[in-house]
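In the two assemblies presented below, chain A is common to both, partnered first by chain B and then by chain C.
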Partner chain A sequence: MTRTSSFHIARIASLLSLAAAVALAGCGGPKTRYGDAGSVETVTNQFGSTDLQMLAEQMTQSMLQAPVIASGNLPIVTTQEVKNKTSEYIDTRAITNRMRSSLQKSGRVRFAVDQAEMQKQLDELNRQQGEQYDQDKSVQQGRMVGAGYRVTGEITSIVKETKNVKDVYYQLFMSLTNIQTGIEEWSETKDIRKTTER
Partner chain B sequence: MTPVPEPSDSNVALRASATRVVAGLLCAALLGGCGALRSYRSEMDQVIERTAGGDVSGAISVLEKNNASGDKDLLFHMELGELKRLANDFAGSFESFRKADAEVLAWEAAVKLDPTRAVGQTGSFLLNDRVRTYEGFDYEKVLITTRMAMDHLALGDWDKARIEIKRTHEREALIAEVRAREYQRLREEAAGKSAQVSFREINGYPVESIATPEANALRNGYQNALSHYLAGFVYEALGEPGLAAPGYRTAIELRPGESALDEALAGLDARTGAPDDTVCDTLFVIETGAIPGRQSRSFSLPIPIPAYGAFTFVQVSFPVLPAAPMGYQAPDIQIGGVDRLPTAHILDLDAMARRALQDDMPGIMLRAFVRSATKAVAQYQIQRQMAQQRNRDDGLGAVIALLALQIGGAVVEQADERGWRTLPSQVTIARARLPRGSHPVSVRSDSGSTRFDVNLTGSHALVSIRLLRGHAFVAPPGMPGGNPTPELPSSESAGEPGNAGMYAHVRVIDLPSSPRSWRTLQ
Partner chain C sequence: MKASTVVAVTLAALCATGCGTKKGFEKPGFAFGCPIGDTKISTMGDLVRAKVAKEGGQNPDVELEEIRCTTTGDLLKVDVVVFNDESDVERLMYKFRWSDAEGMRAADEETWKPLLMYGNSRQTVTAIAPNPKARDFKFIVMGQE
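Presenting the complex of A and B:
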């Protein structure tokens, strides 16, 4: 084999390798990877994970400063529905769940069963009263503890759109009310503005 | 005997040219599969005719016969899913819709990567739009997951219905994003051009059939109030008023002025705050008629030929829709023969089909003009030759060439008639908090009437009724928690002979094989 033909074969082989590499890279299809759940998400201007995390975190920090919690009396709180007054399908329970777990971890608040979970609580309570259970080890009825405070709130939005710009403004309002006295012990408003230019 | 003139060189060349164009079109049609020459409208007319006669299994057979090849498309799965719903085979219906949904998911993945892509659309510039890959109209994509949710509700699985409901509004949000980007791109492209194509400029096009007040009043071509109201209803049934509220609110925004929709949102707190264990919150979804199908119609259009500085008239096909029906009369629904329920006209699919065609027409026209350009040049050359040969005896060849070109072109030049045809034309809802137990229900509408019994046992129930040219189909209510209504419905009270002459006569009976299987008998 001459030197020239060897050179051609080597060149063709390297070109084929390059083409194969390009083809394989092109045929790879969509790639899936794990990302940081706390990283900023700006895929669209709809309510997203960053908004949820930001609002829940800011609300929790503000609530922990409320005198009724900061005093260390370990108040018992129940969460009520955060009303969704927007036209977006925002799972407001995800906001209160995140707040609840952060507040519990702080060790300064205890939570009583809320209205949404009440039926499941009663079902389990009643189930243990059945004859299949050892009554000495079963929980007893009439021992549930009522909350002293309730957390409630609402989320609203204002959407403005022109040909080139879409502006969305979210406002989350939350409050903590003494159930016995009806006195509002804490309230807070947090806002988010998201603007998308096309 | 008159001697036949010898063909001149120019005639031979003309005939050869015309033959090449015609042969090219026909070969391409064959290569593109029979899709180019297939009439979806006539195929589906047979399916709907059988369905309206109560022969749903016969309709399914016709559909399957017309789609005998192994490679089934989105349209087939949507039609089959709808027919199986009418046959009360909800598991089969869900399976068909799941396959249709897989096609839409592939579209979603592709459009996220490249919103301007044109995969599988090249043939439409050569042959006709029937060879385009059918991706479904936007409202059809949204309705697939809505139907999947309704199938789950009929089977009593409200948690799985919730999954499909959530996917419905996520899909809608994606479509909104895609269309906003597309609109922006088109606006930028249009800024550099002086002329815009509009179906209003096609001489003889039935503009009034697609630019109806109802179609023009729609906010867009993909959102429908039924899907959002159903989302509100399912979220409410599952104790999630925070998610139910936007469902009702969006439904109100899409169908303003329907007081029954306003009441759903206004009473949400009261209903969820004080649940009543003795009543069943029942939603009746009454679907009537069949959505209008597109029909191919030929129009003579002037096509410019820049090379000659002239223009010629070419036959081009565009889809048209039948004239819009006269004002819709909402069905009348009564419980126990006395209590007439307030209704809300929640979805006008007739208008959505017209709106979809309105929105599609610029693209359809653009492709038609590109296709016509080649034909126009060949046709102009022949016509010019004919004019030059008018005073000679050898013009016969040019006439033959012109005829061949026009006939061949007419065979291939057909507008796309595809669309999800088994969908209803109109949807009305009625909602009532009824005492749990058995209730006789009667429904009367322009599309037929029915009487049946429902046995309500849970906190919430969805009852689907479809009336099609006098025949009725009723889907049973399933209650939250996973079980359909367990007791058998009473068949004695339904189907009384005295009412038989007035309207279609339906008894709802339970099949012995499965307590979940209901069907209607005429």
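Presenting the complex of A and C:
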């Protein structure tokens, strides 16, 4: 065998192994596809998208039946913190945000700016008082409307685990309180149980 | 005299029975309180067939027994009675799809909700329309893997 032909064989072999590696990577590599955002997700038994969506939807439906909201008087509500008392990280604001948008779309509730957004609201309000702005077209100070009701709540969990079974129970409690009187006008608890067996 | 009294009492009883049935108070375009449009609905079975849609490949092995509707304020409220007549546990998913008076979608698609049905058990699934525009609905059900 000449030196040139052995060089060619080695080159072909390396090309073939490279092609095989590419093909294998293509077959076994991760695939990305769009899924149904509303489907039931059971990847793990930690708090997941289905839990968030289901709790927000059920709470919204319950709240829509509260007499102060069903009356059609368009109460002004502000959302406060939903405390996370579970052992895992849960963005509880995602629950209240989802509820807020559903309640607004119902046309039964109006929302006043909440504590978390207050600084942004004040910054914009103050910015428009600057001399750069046409004051006839700027918003005026002292016209903000306070909420008559506040929504608050907490989420708790109980986790039990053995070698083969993990059981997680979540409970979301929410309430609507009249800020003037302190009277709780509505409250609801919704719960979820998830069990994983090995 | 006695015969006429008996006839009068019987007639009054019949009238009261007739007036007391749901059918007697049903508005046109409604059956069991639920909006039906022009669909001919004479039994609960007809209503269930008109309002329930099964999606996905796995049909859940449950019976949808009853659908009843009412209103809370100006929002439609729906109760669906699900019956698992088998002795095995059945897992399914459901959601409501809301439409307005013109048949257009009245709200965003709901999320699928899991439902665990023990053997030989009944559960009532309740939903409230998301807004006053939602005048009609479909109950969508799918088997869960």
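Here are a few things to note about the model shown:
Operating definition for what follows: the second predicted complex is superposed on the first by the 171 of 198 C-alpha atoms of A that agree within 3 Å, B and C clash if a C-alpha of one lies under 4 Å from a C-alpha of the other, contacts with A are read in each partner's own complex, and residues count from 1 in each chain.
As a working rule, a residue touches a chain if its C-beta (ideal position, glycine included) is under 8 Å from a C-beta of that chain, and two chains touch if they have at least 3 such contacts.
These numbers were taken from a predicted model, which means no experiment stands behind them.
Judged by the touch definition given at the top, the superposed model places A:R110 against neither chain B nor chain C.
In the superposition on chain A, contact is made by A:D91 with chain B only, not with chain C.
Once the two complexes are laid over each other on the shared chain, residue contacts for A:K83 go to chain B alone; chain C is not touched.
Of the two partner chains placed by superposition, only chain B is touched by A:K163; chain C is not. After overlaying the two complexes on the shared chain, residue contacts for A:T44 are found with chain B alone; chain C is out of touch. By the touch criterion stated above, A:R198 is placed in contact with chain B alone, chain C being left untouched.
Comparing the two interfaces of chain A, the one with chain B and the one with chain C have no residue in common. On the chain A side of its complex with chain C, the touching residues are 36, 38-40, 50, 53-54, 57, 60-61, 64-65, 70-72, 102, 105-107.
In the complex of the two chains, the chain A residues touching chain B come out as 30, 44, 46, 81-93, 116, 163, 198.
The touching residues of chain C, when paired with chain A in their complex, are 72-75, 93, 95, 107, 109-114, 127-128, 130-132, 144.
Remark: chain B residues 109, 166, 169, 173, 177, 180-181, 184, 187, 231, 239-243, 245-247, 249-250, 253, 272 touch chain A in the complex.
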